[in-house]
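Sharing a structure below in structure tokens format, with a few things to ask.
Read from first to last, the chains carry the letters A, B and C; within each, the first residue is number 1.
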Amino acid sequence: MSSILAILFDGVVYSSWLFMMAAGLTLIYGVMRILNIAHGSLYALGAYAAATIAGAWLAAGYAPVGSYAMLALAAVLVGVVVGPLVERGLLRRMYGQDEVVLLLVTYAAFLMLEDAIKLVWGVESKLLTEPYSLPGNFHIGALAYPRYNLVLITVAIVTGLALAWALYRTRQGKLLLAVIHDREISAAMGINVTRVYLVTFTLGSMLAGLGGALTAPTIAVSPGIGVEVIVLSFAVVVVGGLGSLGGAALGALLVGVVRSFAVRYWPEAELFTIYGVMALVLIARPKGLFSAPEARKI
Amino acid sequence: MNPVLVATGLDKSFGAVTAAADITLSFERATVVSLIGANGAGKTTFLNMVTGYLKPDRGSIRFEGRELTGHTPREITGLGIGRSFQIPQLFHSLSVRENLLVAEGIAHATHVEAETDAVLARFDLASYGGQPAGLLPEGVRKLLDVAMALVAKPKVLLLDEPTSGVAADEKFGIMDLVMGAVRGQGVTVLFVEHDMDIVARYAARVVAFYDGRVIADGEPARVLGAADVRRYVIGEETHAAT
Amino acid sequence: MRGDRTVPVLAVASAALLALAPAAPQWLVFLLALALSKGLVVLGLVLLMRTGLVSFGQGLYFGLGAYSAALLANRAGLADAGLMIVAGTACAAAVAGVLGLLLARYREIFFAMLSLAFSMILYGGLVKSSALGSTDGFNLHAKEFGGMALAAGLERRVFYAGSVVAVFVTGLIVHRYLSSHWGRLSAAIRDNELRVEYLGASVYRVVYVNYVAAGALAGMGGAFAALAVGHVDPETAYWTTSGEFVFIAILGGTGSVLAPFLSTAIFEAVRTIANQYAPNVWQMTLGIAMLAIIMFLPRGLWSLVARGRRSA
């Protein structure tokens, strides 16, 4: 029984991480109709920025607890600096083009950012283990788990709730929902769609950066960590339905838990189960679990 | 009196919007019928249901005795029903000629090139042959749209607003070409139209829609003169004494 | 087609490339062999793009072709290059035949990403398989070609010659296909699927056939690439490999069956130079080049060739 609990816990931890990535990706798609491959680079940038900033904080001898705030700071900085750079400098010139063309544009941005990271931080791994080991462990049965995982789960839940509140209860959020629903009519109603795009992309980038920043203490931060993340995030977003926040949460949970069972009982099939779930969901519901109805074309 | 197309008790709703309420119509071979009605009255929904793009909530549609509901547009085209569209559905990056070559190829024409040239001549499109379909004037696009629908030699031809968006002085020209192409072939033509002059000139029978229902059905003079048709479709109030 | 010189150019180019086989320097033979192998994959992509679809997962078939060819030699002991190529192509075609049934229902981003997902499944399987060498992969050696024993030192040249012949034949076939009703129908599907259905044709069937053809071509390319390099590893199925194929397809454009091979050759040449002098900015260079093409030459480099020809 405790092994099932352990598997479920692992699954929820992984789901939390997936949700952080999927939430930003699905929001950006919902509002801007762009599937942002560069999301992976922003994740990597968040991890690198966290390693640098939190690392500097700890090296300077300040209170280790403050390193968590530094992680958050890193995420915000990444989102606020790189997000508008990509949106304004690049994407804004390409709006109105085919979705697949935009996909390729974000792919190009991803390639450029990957090498930019190498130029700034070099190719050696960066380690930032203190925030991870600081809270110590707790126990499920005989197994010891780092309490840091609880931090991850908590942040994911809080982020999800905060996003939902912001979207459905604030005026700014409702503007976003309007643009998600219909860009042209929103613009005709006087909504500054250009600004909504900028805000959305920045917010999405911050979320990706936060995902990276929170992951940094658990891995060796090195070039290429952003690569696999994108494909996984995409699978979650597709399962949940492009543009749906609730779908991202549900998709993350589904994929995370299924993967956790696979890792325990059939490790070779880890990726197979993740994409297998995606394929199965798409067969049953071609647009994902929560998808918008489509208007008639003729 | 063997009707080629029979719709019985068609219902279709989209949430609170009733697009079709108990539509029952029957069409004979080789007749020309005009479907009129205000925007949203249910005319295009009717065409969409006949061609399989939409499935009616209730009711049946029979073509030469065969049930059409539940079939796809591809299957229904194969049975012998052709259709043109309100917004012409063309292959915009292909030339006019290539558009027709595609249609001829799909219809398994024995001499694809020769048949295409014949169609271009019949519809007065030869001079546009090499131009990309996406860059043509609207009247030409409409003609191409209809020409493509006729390639498969359908027994029933549905035209959705064949002259809308076309300059006023070109409308009759387009209808002349289209009607000329089907003359003598026993084709049943149903055309949706807003221009009552066109309706009066080409239709042998008029069916008026309003709010998802058929409110009048018969000879053009009678239907176009009926009081509720004048009010709900044509938009003229009849006054007691003028 | 008025003035269509594709076939003569293809013939002349193939003859010229073939003439290089016996005496050209080793590095050139290698570069060209790799360019031709990858060019086959891109040819398949061009076929799909003509239909309006971009596959981000051709790495699946490239990897399948490479590994099945290699396994035939190493595990089954059938080190005949001819058999290996057939095996690679057939294996890829078979998998495409199954996956195509599902994928032919999807379009746009869903098609792109689903195809990516399937390639990542293969990648994951290969990486976790210690029997197949995991991330290192393994080497392969072919000793015969179609039953004929190969003289030591000449193998790569023979494989190269084989790839030239393969490119000539497939280029011819694809060119005929694209000029036929099926090719026109594919372009029509790209423009307006609904109308194609309303004219009475099955869009699903055409997309399926094109997808399987593209998979088979990628498998063939994978087998040739494995022979040219003498090594296979999971990187062949990684999504960045698929991304490179897409880049090359855009670089060349879909205007001609010659374009994929031209653009692959340019790509491989530039990559070789970049790896020598500036390996840490290779991706950035790729990204900038991709943007430049999307913005200024959306029809790819081939549009320059076509433009020049039209004004002549």
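Please note the rule applied: a residue touches a chain if its C-beta (ideal position, glycine included) is under 8 Å from a C-beta of that chain, and two chains touch if they have at least 3 such contacts.
Just so it is clear, the structure is predicted and the values come from calculations on it, not from any experiment.
A.B. asks: Among all the other chains, which ones are in touch with both subunit A and subunit B?
C.D. replies: Correct list: C.
A.B. asks: Measuring centre to centre with C-alpha atoms, which chain is farthest from subunit A?
C.D. replies: B
A.B. asks: So how far apart, in whole Å, are subunit A and subunit B when each is placed at the average of its C-alpha atoms?
C.D. replies: Each chain reduced to its C-alpha mean, subunit A and subunit B end up 50 Å apart.
A.B. asks: How far is the middle of subunit B from the middle of subunit C, if each middle is the mean of its Cα atoms, in Å?
C.D. replies: So the centre of subunit B lies 45 Å away from the centre of subunit C.
A.B. asks: Distance between subunit A and subunit C based on Cα centroids, please, to the nearest Å.
C.D. replies: A distance of 33 Å separates the two centres.
A.B. asks: Give me the residue numbers in subunit A that touch at least two other chains, ranges are fine.
C.D. replies: Where subunit A meets two or more other chains at a single residue, that happens at 298.
A.B. asks: Which residue numbers or ranges of subunit B touch two or more of the other chains?
C.D. replies: 89
A.B. asks: Pull out every residue in subunit C that's touching 2 or more other chains.
C.D. replies: Correct list: 194.
A.B. asks: Which residues of subunit B touch subunit C in the complex?
C.D. replies: Going by the criterion above, the answer is residues 51, 72-74, 77-78, 83, 89-94, 98-99, 101-103, 105-107, 112, 148-149, 151-152.
A.B. asks: For subunit C, which residues count as touching subunit A in their complex?
C.D. replies: Subunit C residues touching subunit A: 54, 102, 105-106, 108-110, 112-114, 116-118, 120-121, 123-125, 128-129, 194, 239-240, 243, 246, 250, 280-284, 286-288, 290-291, 294-295.
A.B. asks: Tell me, which parts of subunit C touch subunit B in their complex?
C.D. replies: 181, 184-185, 187-188, 190-192, 194-202
A.B. asks: Per the contact definition, I'd like the list of subunit A residues that touch subunit C in the complex.
C.D. replies: 35, 90, 93-94, 99-101, 103-105, 107-112, 114-116, 118-119, 123, 227, 231, 234-235, 238, 242, 267-272, 275-276, 278-279, 282-283, 286, 297-298
A.B. asks: Hey, which residues of subunit B end up touching subunit A in the complex?
C.D. replies: My answer: residues 44, 48, 53-54, 85-87, 89, 160.
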